[in-house]
Structures are given as structure tokens and as C-alpha cells.
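Reading through the C-alpha cells given below for one structure.
Labels run A, B, C and D following the written order; every chain starts at residue 1.
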Amino acid sequence: MNTTERTNFFQGKIFAILGVLILLVVPNFVSTNVQIVFILILFYGLCASCWNIVCGFVGELSLGHAVFLGFGAYISTLLLMDGSLSPWVGMFIAAIITAAFGVIVGLPCFRLHGPYFALTTIALGELIRIFVENNEKVFGINIRGAMGLVLKQTGNQFIAFEFANKITYYYVLVAFVAVTILVTWLIKNSKLGYYLTAIKSDPDAAESLGIKLTKYKLIAMAISCFMISFAGTFYAQYFRYVGPTRIFSHDMSVQIALIALVGGQGTVFGPLLGACLLVPITEFLSEEFGGTMPGLHLFIYGIMMVLVVLYMPQGIYKNVTGFFKKLEYKIFGWDKANRKSIGKGVK
Amino acid sequence: MLDSVLLAFIYGILQGGAYGAIALGLSVIFGVTRVTNFAHGAMLMLSTFLYYELYTRFGIDPYLGLLIVTPILYFLGMATQKRLITPLLKKERGTTQDPASLLLITLGLGYAINNLFMMIYGSDYKTIPTAASKSYLTIEVGDFLFTTQWARIIAFFAAFVIGITLWFIINKTELGKRIRAVSQNRDAAAICGVDVYKTYAIAFGLGIAAVAVAGACLSEYYFVQPQVGTLFGTKSFLIVVLGGLGSIPGAILGGLIFGVVESVGAQFITSSASSMLTFILFMIMLFLKPSGLLGKGGKV
Amino acid sequence: MEEIIRLENVTKKFGGLTAVDNFSGAVETGSIVGLIGPNGAGKTTLFNMMSCTYPPTSGKIFYKGMDVTKARTDSMAIRGLARTFQVTKPFGDMTVVENFMVGAFLHTRDRAVARKQAEEIYEYIGMGCGECKAANETTTVDRKKLEIGRALATKPELLLLDEVMAGCNPQEKLELVETCRKIQKSGVTLLVIEHDIKTIMSLCEKIIILHRGAKLVEGTPSEVANDPRAISAYLGEDYHAGC
Amino acid sequence: MKTRKLLRLLTLVIVMMLMATGCVSQTAAPAATQAPTEQAATEATTEPATGSTEVPVVKIGFVWPLTGGSATIGQQHSDGALAAIEEANANGGILSMGGAQIEAVVYDSETSPDVGSSRVETLCTKDNVDIVVGCYNSAVTFPASEVAQRYSTPFISMGGVKNEITERGYEWVFRVNNKASYDVAEMLKGIDLCLTTYPDVAADIESDGGLTYALVYESTDWGSDNARIWKEEADKRGWTCVLDEPVTSGQSDMSPQALKIKKANPDVINFSFYTNDAIVFTKALYANKINPRLGVWSVGGGSQDAAFYQACSPAEYEYSFVQEDWNVSMPYLYDWAAKISEDCYAKNGYYITSFYAQGWTAAKVAIAAIEAAGTTDKEAIKTALQNFDVKLEDCADSHIILTGYPRIKFDENGQNTYASGTIIQYQNGVQIGLSPLTAATPGYTPIIPIPDDFATRGSNSKPWGTKPDVK
């Protein structure tokens, strides 16, 4: 830690700050159509960030995270529909239940590793999807089976989480993302983060240092489920429809995971960066070529995945930040000594 | 009652054989290279499209088309291992292991292949109307009626043919000796002069060739469509884990169990509940004995 | 003197193979004990049982008078037992200091405190690499030191060192021996597995020779060096003569 | 050092200003016309009508499932809709607007509700279409139509049968096709027709303890909705449900289900599957020689898809009843419909199906509404749709109702109450229209009870798509 780093707060962060500013300000000045893309970016960024909390740090590949997204969406929506409870309150109840569910599921699952873990999460996701599709009622609660939940339009009501324009939805989402990023940052810089990274690197060594593997994995799982449940609530309120076939789908889970992995697992901003890259591309491709070349955007997803694993195993985060740092040096002409001190910050 | 359960059992066994045939390649690949090939379903789908093309363009029956498609898929499998997986394995040597990247690269590959075919062919359901799919084997004794397409019966026996062939190659040939050596200890095998990566590539090729054979049997009676791979891919995983990852008889046994559970289960509960049953069975198995029914013990 | 760890009739079987056969022994608090024996003698298996990686097939293990036979690995660290691994297991994604911090977090939640302790250990151990270096980019000897330092960061009372000097040159071995002595002086009991007889003879107060899973000889270095069983089974005539 | 710091700060400020202005200048133009909320959107669309002298362009947006589970069906909808627009443009476009050409904007819903609603949103905001048509799947149409309602853009629902689509009081949503309850009602009416035609069969059933039925359906919104309505209606008639079987989509063998049906031995089997499952199911029923006396009744879906008939042999679907979502006799009754069918075959390789006809009709209704409004003002188009009233016999030139509904007129909920399909039965591989009378093939009656002729079944069958000999 040397003095130049402290005095130049902006050093190495200028483009990050610019990026955040773009995300904050630009949606105000663009057409609704572009706002939709911004919302999707943040939505997937949010989901991927939540996925990252458990999978990026612990290093297990969950391909069933859509289950928790769906849980959040279903619980808060059911509370609104059948209990007339405002989603603003409901989403916290949903978050708590989802987190509890995550812990219950995680308890047996975290005993497994690698492909076994990934496959169990796939099986779990499919199981929940088929279950919800085929049951009208669970414990006397009317979950409406395959029909899904439909929210009635009531107009512009803050209390009902319903807004007339996209930009309000967008800023609500910004708040969610900010909280998630903050939580991720706090985790990364706390005992929990160090422990999770240790567990990811070498569980045996971690255990020998007194780390309770299951406990810390479950804590991460609970936080991840808690946060992704908010994304679920947002999904339900934004689309005003929750169907089990989509929200619990394997595709949804894979998409969330891919975005986080392309962005950079185990980093604070990586998943969001991944969403910033992938979502606009796929939105563009699926709008432009969806009618003529169906599947093109998902094809790009797959190819990106392969390329990232081969050439940027840490995700694009490291390369993108590196590129912008270099650019900064070029523009601002920071000296080499400073550059070294910057390099130190990187793990 | 008994009649229908018995029949359901037989249908389940037949269907399970087909599942097993598809899962075999996956099991072999995992057993040797420790790679969970998430692109397995995509490879299956790819092979069925090749059969479809051969049939519509040249009128070649998939059973004959085997002779052409299997080598193609074998080399495709080898290329996948050489170009995508081997570089990862080499990179990982000496540094910390990151098994996730192996899952991810195959996942990405599978996603890409599936959607590439979606782009080219759209999602129409195509069929290959050969004699085997149109002719039925029927056994009728009074009220007892068993009937199924010949193609399904061939698929059932194909599982055993593929299984025995793979078993023979691995256990009784010089090549198999190398494969076994590499699968048991890759470093020791390398010291003994075995080209580890080449052997990996061959094993991967064999696994994919096996799925091409299964693809021929499947395309005789099922659809040729880009999403077929996803459907059978996920099932294959559950089957292979149930039977024991890396075990050849395990894959067939797992397939048979799955088929029977689905089919007999549906006689007592609704079909959709019965498809949940297989997932539950899989998860219970995983928690009780992660190495699977016939798998060797060891940490997972 | 008080015994920090005591093993009673411990046997470990892996399938048909008996790795440790009816082993009994104890380590006294504050001492430095060497565990030697040929490859496959069951040394690491003993370590694994002491650190509760897996329980013995039969027999009992007492740590500070408490039965820990079926305890969990992580609970042993809290009780004050730390270990290193024969095949080093650095947390490759972290820097060396961060590796130490993971250990230090056992007794603190505060990141700054953990970092301070980690930096102290870094100085104490005397690593040869730059602070920022990622753990998986270090040399063999630094990896060994990393293992020791990380274990030390948990503030152990008993430290199990599994072949920390293997693969090091004589100069580095000397350094490590000094480090071990320093650690012992600070009040930590040491149990050391080592192949280099010379080093271990000079370092340890007591030596146990394992042979085919069973205890062959136990005693001071000179006793062991002159024991005919030890000589025939492990040390060899040459060593005896050389002494 | 100080000057350097200052310089850096200055550069930073300049860069940020550049970025900011860049954003503004890029977005200023659309922002002025496309500011959120509806009145701005109407402003933007009135522009071409008022402010230009050259030929204006009218935009119609379509969202169909071009990928995903029902992609083959969505493709046919799309084919039909585009052909309809092509015909309208060739005939001089929108005449009331000085021959405005019609432009189609087609998007893929990926058979997914969230993608579908996003696409409708794009149509309403970016493309500024004057009317939206879609989306076939009920699950997609349901949330997607809500988006159109929010943007006050007329939405013509085509394909989705979920009752609730037009039961929400949305004034911008209009459904041309039938509801799920109409589907079921038609089938039950068809069964009634069979029973009244053959009183002896009806008496047999009565003496055996009343009519029994089995429901087999895919466990999705559509399938379970259909099963639910069927059960409600059947309860009213005192029929007995002997099997209620939801099936997860994507089965590779339906023999277990066939065994179950055989054991339950119903008089009627009703199934609702999309193409893939419909094929596997039909084959399994035939192979297991399941022969309910009142036949196998399909709600449509997969049984209306050309791919189904390529995969199944005539013997396998012989005698089966299908509720087709259009009047199957259209090409035989009207020359213009026959010509469209020929054109379709020449272009796409298949004769028109219910899906093609639905796509066509939906597009034609949209065009006619704009024609009637004479402007692209959305309010005017909405009013035109509310007052929309076209009868089948008046379509000789306009070719609107290719689906063969007797009339298109929307009720206060936006539902076309005249929408109807046809109950058909395959007799010797030929589609024979049975009910309603307007669609019935003259000179034919249903074949009931289904003969037990598995040995010879299908031997005289003509290929699928053959025109019936009108007696």
C-alpha cells in the first residue's frame, strides 16, 4: 500500500466509474426499447451475481439455480395474489423461505463435488419444474400448476410494485444489483470470502485449518438464495406472469451460469460484466435473426463459453479490466512505478 | 392388473436398453478421461442428423449408414478431445485443479452444437421411415398383447452389442491395455511410454462412436430434431451416475432400471409423477452411494 | 511431562491392506518428535488419523487427555492441532500472505488483524518470494514454508510436519531445521515425518521408527541409531557405520 | 507534479463530457419522439399519415414461436400471415390510406413467455407497429397481450385458446380464434352427434353404465387447461372419467400410457399433445390395438400439424377424430380458398393447415381494421376492430376468413364469438368434416363404433391431404 495509490482514487477505476455512470444515467435518455435491454442486462447480471456468490466462490457448478429464482418469484407473487401482501414485504418473506430452502437442499448436495454436484442440481431443477407443472395445490396453497401465476394490471402503484414506465423498474433493479454487488464485495473482503476461496482451492487443506466446509458453503448458499429471490420477485412483477415452464427451466439455469462464468467467477463485478457483454449481443441477434436463424444467439452463447474456457479461464473480467487499465495508462501517462503497485492488487 | 404390470415391465426393459445404449459412450469417456461430457446429447443429435441426411439424399438406411457415420463421429470425438480438452488438461498440470472448466467446455460445446442445428434445420420433427420402424413384433396370447416396433428391439440388443464391443476393446486388446493404464494413473502410464493424450483422444472417440451407433438405432424409430439431444443427454447422465460413472455394465443396468421405473411407475401413478420418480431415484442413489450401483468406490 | 497426543492400539485398514497395525505411542508437550520409516510404513496414515481426516478402524486417539477418535478435522484445528501436507496444497488463487490469513482467521473475524498476523508470520518464516506472488507460482521450498506458515497462523499447540524438507537442497534444509527449532522454542510441540535421517537425528529429541504399519523402535536418536532392529529394517548398516 | 495532476483531472472531465454528449446526441432524436408512455407513441405513429406526400407505410408486428416446442406450428402461422400481407400489397395496399404498403415485422417468441412479451414491447416501442398479432401459445399470448394493453396498441390474438385471454377486460386485446371452452364444447357436440346418429351405440353405452372417458394430455398450461374444461363439461353430462393422465412432454415411448388406457377401457379418449408426443402416442395406441368405441379425439395441436401425418401411417390415424381449429372444407367450398391452398403448396410444400389459415386470417383482420380506420391512429384502429363485422360469404374478394368462421365480430371482451372449428374424422385417410353443419362434408356420417379391423386398417387409405369425394 503506497501513497500514490491512495491519493489517486480514480487511478485504475476511471473506466469502472464511467461504466457505472453509463448504467446509471444513460437509460434516462434512451427509448423504451433500449431501456428494456438495460433491464435485461441488470436482471441477468443480478442472477449471475447471486449464482456467483455460491458457485463462483465455492467452485461448484450449480445448473439448477433457476429453482431459487422461481421460488422467489412464486412466493412473493402468491403472497400478493392470495394474501394481498405488498411485494415489497413479500419479497423479504420469499427471500427468507428461499434461503431456508437453499440450505435444506445444500445440505446433502454439498457433500458431492464436480460432475456429481452439477448433475444433482440439474436433476433438482427438473424435478421442481415437473412438480410445479403438475400440481395445482401444494399444502393447500393454490400454485396453479402449469398455468402459472398471472398478475392483474392495477395501474401505477408503488405499493404493488407496478410502475407505468420502464425507468422506475430499472432503478429498482439498480438498487437490487447495487446491494448484491455490495454483498459480494463484503464477502470477498471478509473471513467468509477468504474461507470460500480456500475451500475452492483445496478443501482438504482448508479443513485442516479449522474451516467447517459445510457451514461456510451453506452460509454462501443462503446468501445467494436470499439475493436471487429478489431477482425472482422482480421477474414476476416486471413480466407480470410467472410460468413454471420458463422460470424453472434448465435453459434459465444454464444461462445464469454461463453469464457468470463468461464474466468471471469469483470476482465482484465479473458476472455483471458478463451480462453487459452477452445480453445485448443475444438480444440483438435474437431480434434481428430470431425469425430467420432461430438459435443463433444461443449458438453464440455456446461458442463464447468454449472460447472463454480455452483462452480466458478466469472469465473476461481480468482481461477487460487489464485492457482498460492499459488504456488509462496510455491516456493519462501514469508512470511505471504506479503500474506495479496496481498489479499488486490483483490476486 | 398383473398383465399390465408385466407388460409395462417388458416395455420398460426395452426402453431402458435404448437408454443404456446411449449412456454407454458417456460412461466410457468418463471412466477413462474423467471428463463429464455435457455435449453427449448434442453428439447423439448430430449423428441422427447425419443419418437423416444419408437417408434423404442417398436412401441409405441408418443401420447401413453406421458404417459411414460411426467413423466420422469417432474422428469428431478425437478432435474434440485434442482441440478442446487436451489443452485444458495440459494447462492444469502443475497448477491447482479446476475440474469445473472441463464441465464448462463440454457444456458450451453442447449448447453450440444444439443451436447450430437449430439454425440450420429449424425445429421440425423429421422421421426416417424405414422398414424397421414400420414393422411390428406382435405376440398375442388371448388378452395378453405385446407389440413393439422392431427398431426398438434392435435398439435394445444394440445396447448389449455396444457394451460387449467396448468391453472387449478395453479389456482384451493392446489398445485397451493402454486405455486402462491411462485411466488408472495417467502419470504412471506416461512414464511407461504411453502417449496419454493420444489415448485419451482414442477413448473419447470410442465413446462418441458408441453414441453414433446408438443414434442409428434411435433415429430408426424416434425423431430427428435438434432438441432430441437435450432430452436424452440429461437422462444419460442420470443413468450413468445411477449405474456407476465409468462402468460399462453399470450404464446398461442404470438404463434398464430407469426404463422400468418410468414404465412400471406410470401404471400406479400419473406419467408425469413417474418421470419425477426417476429424478428422485437418482438423487437418493447419489446421496447414499455416489459411486453408483456398479461403480468403484472412491471420493466424489 | 504431560502428553499432548496419545494413540492407543490404533489400527487402520484400507480394504484388505493394513496401513497402521496396532500402534501405540505418545508425544510429550513441548517436545520435538521424529517419525521415520520406509515408504508405505503408514506415517502419513498416522498423521491423517491424528488430524481426524479419517477415523482409525480400531483403537483410540487422545488429544490433551480428550478422546478425539471420531472428532472432525476442522475441530482439531480449533483444539490446537495443525498439520502440513506431504504434497503441498497451497490455495493457488491467493497470495502467500492471504494463504496465511486463511489460517489466522481461525481466531479472529477482523480482516486487518488477520492480515497483521499473517504478515508477522511471513517475516517469521522468512519467505524468499515477494509478498504479492500468487501461491502457485512459488518455488518448492517456499511452498513448504507456506504450508508451515499457514499451519502456524492457526496458533497451534501441536504441529504435524509431513516431509517438509523433501525436495529441498542442503542449504534450504538447514534453513527449515532452524525454523523448526524456532517454532519449538516458541512453545509448539512438533511431530515431524522425514526421510533424511541425518537431519532428523540432529533435530529431534525422540524418534519413532515405523515399519509395515507397526512401531519398530522408539527412543532418543542415539538409542535408535544403535538399535539392531532399526538398522536392519530401515537405517541400514551404512548409516550405523557412518555414525 | 501539481500541473500533472491538474492535467489528468482535465482530461478526465473532457472524456466524461465527450461521453455524455455522445450519448445525448445519439439518443436525442429518438428521445424526442419516443419518450415513454403512450401518448408519445401515438404521436410518433401518426407522423407518416399526416406529414408525408410519398406512399406511407403501415406496419404490422407478428410474434410467433419460431423456435422451441411449437416451432413447426409457429412457422405455419408465419407463412400464412406473410402470404396474406403479400396478397394485400399486390392488390394495392391500404386503399383508404392512398395505397399504403404494409410492412411485416416478425419476431420469434422462442415459445417463452418472457421473450414473447419482450418482443411485443419491442414492437410497440422500437418498431412502432400499428397493430400486433400473435402468439399462438396461450402461455405466451397471455402476458404478451398485457404488454400491448399497457402500450395501448391493438393486439390480435391468434392461436391461444386460454379462456382468460379475453376475460380480463382489456379493450386493446381481440381474439379471432376460439376459446378453450369452445374447443371442448365442439368436441362434446361432436360426440353428441355420433350418439344421436347411432342410437343403438348410445343405448349400448347407457346399458354399460354410462359413457366413460380418458384424458391424456401434456402437463402444460394448454394441456391441463383443456383437460380441466373437459372434465367440468363432462361432469355436467354425467360422464365418468376413468383416467386422468398428465404426461411430461418429450416421451420416447408411450406404451406404458397405452397399457393404462387399455386397462381403463374408456369409450372416448381425449388427448392434447404437440407434434412429437402426438406422434408417439398415436403409434402406441395403434400398436396396442386400443379401440375405444367412440374413438380417439384430439384437441388439435400436434394432430393438425403436417409433420404428424408424415410420421404416422394412415392406419395409425384412421378413424380418429380431430378438432381442427378451422373449417377443413374451405378449399372445397370456396374457389379462392382453393387457390390460396394451391399457392401455399407451391411455395411451402404443404396444403393449407389450420395454422396457416389462422395466420392468414389474423393478418387479414389486422389489414381490414386499418383499412376501415383509414389512419394509423391506434384509437381509430381499436374502434375499427370493435366495430369489425365480416361474414364468410362476403369474403369472396377480401379473402379475410380463410379459417372458415361464419363471421368475425368481437364481443365487448374482444372475443370473436363466431369462431369455430370443425370436428373431422379420418375415413380411409381422408379428412371428413362432421360438425358443425357449415363445415360438414356432404354425404358422410361418422363411423361409430370404431370397427375392430386392425388387420386391414389403412389398406385402402389415400394419402393425407386428399380431397374427399363429395357425394
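Throughout what follows, a residue touches a chain if its C-beta (ideal position, glycine included) is under 8 Å from a C-beta of that chain, and two chains touch if they have at least 3 such contacts.
Here the structure is a predicted model, which is why all the values come from computation and not from measurement.
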Centre-to-centre on C-alpha atoms, which chain is most distant from chain D?
C
If you average all the Cα positions, which chain's own average lands nearest?
A
B-D or A-D: which has the larger count of contacting C-beta pairs?
A-D
State, to the nearest whole Å, the distance from the C-alpha centre of chain A to the C-alpha centre of chain D.
36
Intercentroid distance (Cα basis), chain C paired with chain B, Å:
47
What whole-number Å value describes the gap between the mean CA coordinates of chain C and chain D?
74
Going by residue number, chain A touches two or more other chains at 130, 133-134, 201-202, 294-295
Please output the residue numbers of chain B that touch at least 2 other chains, ranges allowed.
96, 118, 122-123, 270, 272, 275
Among all residues of chain D, those touching at least two other chains are 66-67, 71, 219, 246, 248
Provide the residue numbers of chain D that touch chain A in the complex, in ascending order.
8, 11-12, 15-16, 19-20, 23-24, 27-28, 30-31, 34, 36-37, 66-67, 71, 78, 106-108, 110, 112-115, 117-119, 121-122, 125-126, 139, 142-143, 146, 149-150, 164, 168, 219-221, 223-225, 246, 248
Interface residues, chain B side, partner chain D - complex:
1, 4, 7-8, 11-12, 14-15, 18, 118, 122-127, 129, 134, 136, 145, 147-149, 152, 222-223, 225, 227, 231-232, 262-264, 266-267, 270-272, 274-275
Over in the complex, which chain D residues touch chain B? Could you list them?
66-68, 71-72, 75, 219, 244-248, 250-253, 255-257, 259-260, 262-263, 275-276, 279, 283, 287-289, 307, 310-311, 313
Residue numbers on chain A that touch chain D, as the complex places them
10, 14, 18, 21-22, 25-26, 29-36, 40, 130, 133-134, 145-148, 150, 152-153, 164-167, 235, 239-241, 243, 245-246, 286-287, 290-291, 294-295, 331-332
In the complex, go through chain A and note every residue touching chain B.
59-61, 63, 108, 111-116, 118-120, 122-124, 126-127, 130-131, 133-134, 201-202, 250, 254, 258, 261, 293-296, 298-299, 301-306, 308-310, 313
